[in-house]
Each structure stands twice: as structure tokens, then as C-alpha cells.
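Would you mind keeping the following structure in view while I ask a few things?
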């Protein structure tokens, strides 16, 4: 079992979700995040002083997938989230020792 | 025969607008106190009361309250639809229409006040029906009792300058009845159920206070000395009640709270309402201080007796209304009442005034409670007065109005909600 | 010669202040409806209109609207700067300066109303230029047509008590023109674009209603019976329109919505505006109900015809203004108009009044639309009327004002934004 | 002997209510500007001033300000408790009680204004004590100097229509003193300390502007021509000041800011206050424009001199008050002042008026600053005027009031706070 | 050392926290999240148009635990978070290479 | 490739970010969190009843780093985030199987 985590541009969430759905992934968990990287933030002015806000809003997804699907899922996410402009984000994969569905106690692939 | 006074009319029209603003003010006072998932429903309960009662008032409410008395109990229907009234007709020194407008907004706010007791869980349909029935069966007649020509309470000699009995005791008793009928919110006593937006509570309190100058000083029906002294006591009683409530806060919790300040202000406004044109400024400070302290303590009653009066309508309006109505029996001041018979115990008056005040308060309380209880029960058993558990837990705003109050995204920070983006917009029939 | 009436003056000064408050009220009504990234821009569009039009009014606007007529089309410039006017000069029973103030706030709100159609995407510079030009070329002359001494619409015999044509049809038509000229928001029809703060929408609606008592009842120019009946109809039409709009909500979606209640209130206020002093309370309920239903359905027009009138200025102000202006032809009541010639069809009047109302409405609509369209186009092609795509997606608040509306951190919860902490403050030149 | 004028009374009662609303308005203007962890404390500072000063005013404040003069310095105590005053007593054409109410709200707002300078860090106890002492030792006497019968500033011949010296310079000087005494917020100059809710700032500005019509036009003490011209100048100066401040914004930062628009409005209102009934509309535009520009630049002073006047009370009220008070010396217009001796330099008057204005401004500034400084120091050294570092970092709302302002959960999105659920509710003594 | 991550219904947080406390777990980190899965979202109406919001509010917990406790901790969470209705969430386990307590620099089990 | 996750006090974010920047880390992802642990929460009063809020606001960072840098990065974060008072937080390290840069599809160290 693998955990795919993706940090993407917020407005791409809907496309990524559809793409994953089409691929057959049935669930995911989403959190608001903000990212720091090459992409520049924005500037605010307050009483004549200028402040640079370096953090950029991002959306963070977690998708638990079977080992066999992991490469495809990463691919699907990367394709759907890509705009080609700086700040598109990262996708990474961790190994998962165990997964349980809370409702039923099912484990492993059955828990997805 | 009195002539039109432009000055008095200007003041009553202004006052009427001020009192109308009280209902949106109340909506925010209440709306800030509920949880975020129920704020729209709270606002909507108030606005619905505004919409329905305005129309009823013109159709037959004004007539039931102010038409010729039928046995001191209710007015007739000859003024229904206001079709007999023209712009040149006068009521004293002001046009009848100014009176119609000014009295309308009292009816509206009284009904809206009740909503706080059943916040976060009442069906919107049930509330709509209750508004129509309670206004018709309770408010219009009770307004007649107190202020109508020949109404029995007025005849009996109890006094109520701006609505301690007709408005606050009346609404507070109905609120108690409904809170009992529809039962506590899920998780009551277990979950904190904290106000979701305390600045809104204070905004509402500020607008209410502002509007209350129309409520109280407008009830002089003239721009004169009594209107002016009512203005002053409306300021001072409120101020004193804030201090009174904060005092309880400090003694009990070692902290002053914003919710306490806002609630104290309303408690003071409620208590001074019946007395505003009958007492001196110093008298009003006494009333305010007592109301602040007593109402702050009265909040505990709901825990002791086990009814979930969610936003403390009973503690503030019923109890506050009683405080003010009864204190008239002590503090009524001949300089202000202009009548030696209307003197409180502290000014050499007898016990009779206090007795009459108590009878009036008791009568309104019992009548309103009983009718509201029966109406509530009937609605509950028929169309339903309580939303489903899922709706209550998931939030009545979504369940009853299919809306979420806030969608606050800041481009600046990480709290940007992606909900908007992830929605699949399925336009159904947006065309007319 | 009439003397100063302190009562009338008190009422007009009060009314003027009430109407001034409508522009901040509108700012919140509109501001709550846009997305969180555009609320400051929306508020600023309203406040900028307030600032610019106030100054123009004194410099030459009042003169263009109310100075001696030049062929019924526009006033002259002899009152420019108001330098000929002193505090002792009267207009009827009130000081000329009271009239100046009261009329100023009508000009302001009319211009501000237009902003809703082009929310979230207009350059601030473009808007500033439009405000100056449209006020000068359209509002000041049209106010003269309708209310100026010798203005052609007044002479022609169409009637408009408080601004159905001059304010609402006028603003609504300009709004339509601008929405077409600058085009829809990115993602329109695809994204939900839901209101970010519905409580603000209701706050704005409440303040607008409150202020509208000045708008309508103040337009009687006296604290008298007609002012009082206008007060009452301003309450009842609005109430009925809320019920009308919610009815459409329920029939179509099985839910009442808070946005519907707020929009219904404004629709009712708009529709009663031209008729407020000419119809009976029951007549006003008819107008309100119809306006609520018709405007609710009219919201669909923008989808059918493909213009992004973002906050439904057309459906509420243009359509609502037409409803009210035309219904005068049916419901004008001699008891209120005081003139047998001004009777609607339902009261035995002829078709002429309706005809004149239609002509006036049509003329204002066409003139305002045409000029706004041309002005919009010129501004769009020269200084630019539309922000960049990046600015629109990232949020016009940051792009145009370098500010974010909210920075809400609660020490209590996990939603604490760390944005503030992570900023590298680069003070540039904070010293004077 | 003048008789009661219902029209004048209606206007003064209305004005008094409008001015009372200014304190809640100020609470939001200030409250939106602080960080989210301190908004309740800011609101509470304003409401506490409202509560305390209302009561003091009745007890002895009115007497100290308006009783017979003791050497031009302060009134006596014969009106203490207002027990000698009845509803039939008149002050000119209005009841004395109307005067009491109208003057009370000036005292309240003046004290509340000071709070902005010490936002986010003052002990609530310290503030309460300061309110009592400063109102007593500074405001009541200074109101007597300027407006009391026989007060030395009035006798001396300096003029102040609605409170440039007595209110704004007075409050601004005290604000400066307190900011110095209690020192800057932790992280000042390092952290941005941005407003947490800019819509609230604009809401507050809107309510303040609305209320200010009562403040300025009410100060005519009649519903007449001067009240009307004051109404107009209150609109135009404010509008011009918004434009002035935004001009500075654009020149310096290439952006107009919402905070700038709101601050500009207040700067204009402050500056026109002393001059409102003495200058022409065009004169008021000059005052407004200058005030907008000068106050915008004056914000930088605190960085240059190193005091953390957190919400710019000095730059807006002290500086704006000086601008308006001194410009009277240039722009006072005989048509409005009704006195050839009261003509500004631009209207052929001599330098004496300007000189007297400067002396009055200087005297109030020095007295208020000195007393506030000493009071602040005493409070700081005894009961403490500054919360602990932990309280300030963690948020004064939690530390001083045990409340969090917002608990905004939307069922719709991920920003649902779970804080409410994870609390262990430990009911202590909720019963009365 | 293991990292147990759980995505649960928000109103279950308090029960889970108590259960973990009783078991002996002394700390955890919580984030707001929203989930996409079998559980249906809700519907909103705006100007007569209906919008389905697919995401459901969830709460996400992270608990660092010693290898020997991991099964028990998963069990405790599953039990406490269970309602039996769709949408109860998932629990998964990752291996952790190292843990440090920031305050003291302690590492491994001592850092918990 | 490793994933370093840190839970720190919110006001320390800026210092940690600077320290990482100085060290050469070019990006990170940040989420709001709240923590439960030794550090006490605060108390609120509502209508005379006292409520203890146990959760304390925290900030959660994720930094993807090359295996060779992981110890240094943990060290940099711990140093920068330390105040020495209870509640400074935790830092932990997971192994990552793969990383992709969404914009370019680059993988591994090139994706950072």
C-alpha cells in the first residue's frame, strides 16, 4: 500500500479529482496548505509600508493506493495538475504499513 | 382639535425607522450568538417575522389592536386593510399613518424576539406558521389590552410606557413555552455551543440600542420634554445595566466578557422600556443596575430547570421585563408621570400601583405562555417544529436554506477554502 | 411665502442622513455577495462614488439638476459652487441647503448602484472616470428631467415620487451597458461564484431598508400625512416582496434562501420607490408581491442573454424600477396623489397615465444605456476598464488595493493563519 | 422667552441618537483594524467608555460642564444627579433633557476615541480607571471651557462649532500621552500588525459618518439653515478628505487602499467638526482635501518619533482637529458665522481669529496631554496599565475576556474548526 | 517508531482524544481536512442554480507512537471513531526514521 | 529522498523559513494545525461556564530533502524553532519512494 501526497494549485483540485475518479480512485483527503518555493508571493501595502507575503495558497491531497496503481496515480495527478507555470507543486510517494477503514475495520486494499 | 405638528411627526417617523432597524439589529445580536452553521437561519427567522407581521399589520393587525374595543379584550375589524384611513387623518398631532407605521414595528420586533429561544433547530415552515398565529392570537390583542383605547390593562390602571408587558414579558413568556415544546438542542449541556461571531453580537447590541431611542422616546408620541427624559433614561439605564452585568462577570469569573456587556445592554434596555418616561435619570440608573445583575444571574435558570432557551430570551426579556414593570411600582415619579396617583413606593405612593403592575405582568405572561405552548404543540405534532437530527448536526443553514454563511478565502493565506473550486455546478433551471 | 418649518427641516435632514447611509449599506449588500478576494474592491467602488459625486454635486451637479431649465433638458450653471446660496435661503418650508444635501445623496447612490454589475473585475481608474462622466452626462440631466423645475418628464406628466426612473431604471440601464461592455468574469457559468459573506448581504439589506425610509418618506419634502403613508408603503411593499421572492424560491428549489430574502427586500424597495406616496398600503402590498416574483424570475435573463450582471442590478433595479413605474398607471390613488388626473386604471383612471409612465421609463432607459455604453467603450479602449486575468484570478483586492480583507486568526483554533508571521516586512517610506 | 419647538427637539433627539451610534461605529472602525486576537478587547474598551461616561454624565458630568461657571474653568455641582431638572425645563427651544442627552454622547465618544492609541495591550482595569478620571478631570472641564456659559475659551473668542478642540484635539492629545506611557506593542515595527477585518473598518467608517451628521448639524441646536449648511459641509469635507487621502496613497504606493479611504473619511469628519457651521460648502472641500492629505502624511510621525499610536488617533484626531481649528482662521465666512468679527483671512478678516484659535487649540492640547500623561503613569505604576507579555502574544481577548471573537465553521469546507468539539466543558457554577 | 494518521469525522475528535489519553498516548497533531469518498456531500442553491459540494469536512490526526504500541493505537482510534455510517474515515501507518523533540533535542521514544 | 515533517509554534515559522533558506532548502509546504500534548491550552468563559480548550495552535511544515541533507535539515529546524519552553513541537522523518515536480515531470532530486 502506498500514500501519494500532492501539493497543487488550488484551482486545479477539481480537475485532479475528476481525473482520479475517471482512473478509478474512489477517495482522497484534502487539506488547505500554503507553499514556499520558486513561485513568488504577493505584496500588500499597509499605512504606506509594503509587505511581501511569500507564502502562496496551495491544496494538499492524500491518496492511499494499492502498490500496483501508484505510478499511474502519480501520473494522473501530474497530468491533471500541470499548467506549466512555476508553482505547479510536487507529488511524492510514501510506503504505508497498514490501512484500516474505520467504519468496518477492514484492512489493506479492502479498506480503500 | 389638535393640528398636525410637523415636529412631532418628524420625530415619530424617525422613531419608527429606528425601531424597524431593531429587527435587523436583533438578527445580528442573535445571529452572532449561534454557531456558524445556523447563523443564516437565525437571520432568516427575524427577517421572516419582519415580512409577515408587516403585511398582517396592515391587513388586520392595526385594527385588532387599535380599533374600538370589544369588551376591553381586542379591537374590531373596521380598520382592516386601512382602507378607511387617508393621509390627512390625524391621531393627536401626527398622521394616523405615522401611528400605523410606528406601532407596526413594535409588533414585528416582539415576534422576532421569540426566535432566540429556539435557535438552530426549528423548521422554517413551523416558524412561519407560528409567526402568523401568535401575532394574531397573542400580540394584536395584548397590544390592545395595554395601549388600545379601552383595553383592560390600561383601564385597570397598570402603566407601560413603551412595552415592558406588551413586548418583553409577552415575547419572553412565549419563548419559554416554545423552548419547552421543541426541546433542547442536541448536545446541549455537553457541548459549549459558543457564539460564532461575537463582534456581530456587539454590532447587533449597538444597533438595538440606537433603535431603542425610537422605541422608548418615540413612545412619548411627541418631540417634547418626556420624549427627552425618556431618551436620557434609555441611555443611562442601559449603561448601568452593562456595568451591572459586568460586575456579575467579574465577581463570578474574574473576567469581563463581551457577551456579558452586550447582554447587559439589552437587559437594561428591556427593563427601562416600561418605565422610561415615568422615572428620573437617577431612577433609571437604579433600574439598569438591578436589571444587569438580576438578568445575569437569571441565565442560570435554564440549567436549573432544564429548558434550552438558547439565546436567553427568558433571562433577558421575561426577567428584564418583569424587573422594569415592577420597579415602576417603586420608582414612578410624579414629575414625570404628571399624575399624583402614579407615584412609586419610594416617592410616597401606595402599594396599589405595584399591585396593578404585578397583575398586568402576570396576566400577559400567563396568556402568552399558554397560547404559545398550545400553538407550539399543535405545530410540532402536525407540520413539525423541529428539523431532523441530521439537519441539526450538519447545520440548519444547509438543511433549511441550502446555503453556507461564509466562504471566506484569502488570497493571502493558507486558509483559502477550496470548496468553491471543487464544486460541480449543475445548473438546473436558472432561466426564468 | 412659506416660512421655515423646523419640523419639516428636521425630517429632511434626518432623511438625508438616512439616504447617505444607504451607500455604505449598499456596499455591504454588494460586498457580501462577491467572493472574498474582491470584497474590498466592491466596498471601495461604492465609497469612491460617494466621495466623487458629493464633490461634483456641490461644484455643479445641483446646478445642472435644479437651476433654471434650459429647454427642459438640463439646468443652468448659475448655482455652481452654491456660492449664491446662504443659510437663510428657503426651498419651500426648508432651507435650500437641506434640499442640496437631500438631493446629493440620491445622486450618490444612483451611481454606486451601477457598480454591482461589473463586480470583481473593473479597473479602479476606469470606474473613477466613469463615475465623473456618467454622473455629469446622465444623472444630473435626468434628475432635471424628472424633478427639475421645467424638466421635460415632469412637464410631460409622468410621475415619480422618489426615483423609480431617475434612480433605478437609470442605474439599471447603465449597469446593463457596462456588463456588456466589459464582459463576464473569468469562469462565469462554470464556477459557482457564491456570496462570500451572506450575513453582510443581510446587514446591507437591513441598512438599505432603514435608509430607504428617508429616501421615500423624505421625498414628501415635509413631515406630513403623505410622508407617513410613504413610510408605511415602504415597509409593506418591502415585506411583501420578501414573501414574493421566497415564494419563487420555494416553488423552484423547495428552500427559502437568505440571498432571496435580501434580494426580495431590495426589489420591493425599488418597485415602491416611484409609487410610495401615490398608492395605498394595500396597493403597496400588490406592488411588492409582484416585484418580488418578477425580479426573482428576471435573474434568469442574464443567463439567457449572456451578460454577466454579477450582482443582478438589472434584475432588481431595472426590472424592479419598471414594475413600480408602470404599476403607478394601475394603482395611483387619488386619495394620495390628490389629483383626479393622477388615477390608475384600477381606480377609474384612463390609460394615459400608464402611457406617460412608459414613455418616461423608456426614455430614461435608452438614454442611460446608450451613454453608459459609449462611455464604457471609450474607457475600455483607452485607460482600460478591465483588470488583467492574473489580477482577476488572484483577486482584485490584492491587485488593485494591495490589501486582503480578512486576516482572521483565532488563538483558540487551528485556523490560525500564519501569513502575518511569515511576512518579511519591508518598510519603504513610512515617514511623511 | 423661547418656547418649545417640536421641530428643533425632534432634530436634537435624532442627532443625539446618531451620535450615540458613533461609539459602536468607532468600536468597529477600531475593532477591524486590530488583529483578530484583540478585537473583542477593542470593542469592549469602547462599550465600557459608553457605559461609564453615561452614568458619570448624569451624576456630575453635565453639572461640571454646564452649571454656572466657577471662574471660567469648570461648572459647579448644583445640577449633579439632574435632580433639579424636570421634563418641562427648557434650554432655548428644546427641553433641558434633550441637551443633557445630546451633550452626553459627545463626552462618551471623546473618551472612547483615546482607546485606539493603546489597542491590544491595555489592562481593562487600567482603562476603566482612566475613563473615570480623565472624563472627570479633563473632559468635563474642557467642555465647560469651550461651550459652558462663561467658559474661558468661549469668552476669549475662539470658536468651535461641534468639537474640534473639546473633542478631537482633546482626545488626540490624551491618546499621544497614553501611547507614550504604556509603550509600543511587542513586535511593533517588526511585524505587520495588519487590520484583521477591513470590511469592519469600512462599516465603522460608514456608521461614524452617518452619526456625524448628528454631531455636526445637531450642534446648531435647531433644525434651521445653519444645521442644513453644516449637514452639507459634513458631507463634502468628508468626501474631499477621502479623495485627499487616496491621492497620497496613489502618489506614494500606486494603489488606493480601503484603509486609506476609511481613514480619510474620518480625517475629513474631524477637520470639518469645528468649522462645519462657519464655512461654505466650497470652503469645506478645501478643509477636507487638506485634512485628507495632511493626516495621511501625519501617520508617519509615529515611526519618526517612536510611539506606537496603534490606530493613528494622533494623526487623525489631533492633527485633523488642528487642521480644522486653525483653518477656521482662514475660511470662516460671515454669511455663516453671522458676525463680521468672525471672518477668516481669506474673507478679509484679521489675524486675530487665527491667533485665538491657535491659543485655544494649544491650551486644550497641553492640558489634556499633561493630565493624561500623569494619570497614565499613576495607573501604570499602581494597578498596572499593560497586560503581561504572554497575554499580549496569546491575545488580549483570551487573557482579559476569556473569549475568542470568531468560531467560524462552515459545513461546506475544510476550514471547519474542531476546537468546539474538543473542549472539555467544565461547568462550574452556571446556576445563579 | 511509527506515524499513525487518521482521518475521522470532526465530531469524533473529542472521543478519540480521550480514548488515546486513557490508553496512554500523550500527544497528537490535528489538522482540518475535507474528504472525498463514498459519503455524499451536500447541495447548495444559489440564484436558483443547484451546486453539489462533494467534499465533506473531516479531521486529520497524526500520532507518533513506539513500534510496539502501533497496533493498539490503531485499534483505539478505530473503536473511538466508529459510528458505523459511511464516511467514518481511514487510519494508516507509516514508518518513521527519526523523531526529535524540538524543546530538548531528545530523539526516538524519549521525544514523545 | 526523505520527507521531514515539523510541528512548531506558529510565530517561529518565519525564523525556521529563514534558517532553511540560509541552509539552501528552496521550498516547503505549510499547513495550519493544532496540537495536543504537555503544553496547556486556554480557558474560555461562556455565560458563566468555563471551558478548557486543550488544543494549541501549531504550524506544520513539510520539507522534501535529499538523503544526505536530512540530518542537517532536522538540525536547522530544531535550532530555529526552539524556545526551550513546553510545546516547541516535534520533527520527524519519513522515507519517500519518489518525488515528481508537477510542472516539468522531473523526478528525484531534480524535482526539488
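Per-chain residue numbering starts at 1, and chain names A, B, C, D, E and F are given in the order in which the chains are listed.
Everything that follows uses one rule, which is that a residue touches a chain if its C-beta (ideal position, glycine included) is under 8 Å from a C-beta of that chain, and two chains touch if they have at least 3 such contacts.
No experiment lies behind these values; they were computed from the predicted model shown.
Undergrad: Could you tell me the least number of steps, going only between chains that touch, from chain B to chain D?
TA: Minimal hop count between chain B and chain D: 1.
Undergrad: I want to compare two interfaces, A-F and A-D. Which one has more contacting C-beta pairs?
TA: By the number of C-beta pairs in contact, the winner is A-F.
Undergrad: Report, in whole Å, the distance between the mean C-alpha point of chain C and the mean C-alpha point of chain E.
TA: Using C-alpha averages as centres, the distance is 51 Å.
Undergrad: Let me have the rounded angstrom distance from the C-alpha centre of chain A over to the C-alpha centre of chain C, please.
TA: Roughly 45 Å, centre to centre.
Undergrad: Hey, what residues on chain C touch two or more of the other chains?
TA: Residues 5-8, 10-11, 14, 192, 194-195, 197, 203, 252-253, 255, 257, 259, 299-300, 394, 398, 402-408, 411-415, 417-419, 421-425, 427, 429-430 of chain C each touch two or more of the other chains.
Undergrad: Any chance you could list the residues of chain E touching two or more other chains?
TA: 11, 17, 30-34, 42, 44-51, 53-55, 58, 94-95
Undergrad: Can you name the residues of chain D that touch chain C in the complex?
TA: 5-8, 10-11, 14, 18, 35-37, 189-199, 202-203, 205-207, 209-210, 213-214, 217, 222-229, 231-232, 235-236, 238-240, 242-243, 246, 252-253, 255-259, 261-262, 265, 280-282, 285, 297-301, 303-304, 335-336, 394-395, 397-398, 404-408, 415, 417-419
Undergrad: Which residues of chain F touch chain B once you look at their complex with the stated criterion?
TA: Its residues touching chain B are 30-32, 44-51.
Undergrad: Note which residues of chain A are touching chain E in the complex, please.
TA: 1, 3, 17, 26-32, 64, 94-103, 105, 111
Undergrad: Within their complex, state which residues of chain C touch chain D.
TA: Residues 4-11, 13-14, 16-17, 20-21, 23-25, 27-28, 31, 39-40, 43-44, 47-48, 50-55, 58, 81-83, 86-89, 94-98, 100-101, 104-105, 124, 197, 200, 203, 400-415, 420-421, 423, 425, 427, 429-432.
Undergrad: Which chain D residues qualify as touching chain A in the complex?
TA: Touch list, chain D to chain A: 192, 194-195, 249, 252-253, 255, 257, 259, 299-300, 312, 414-415.
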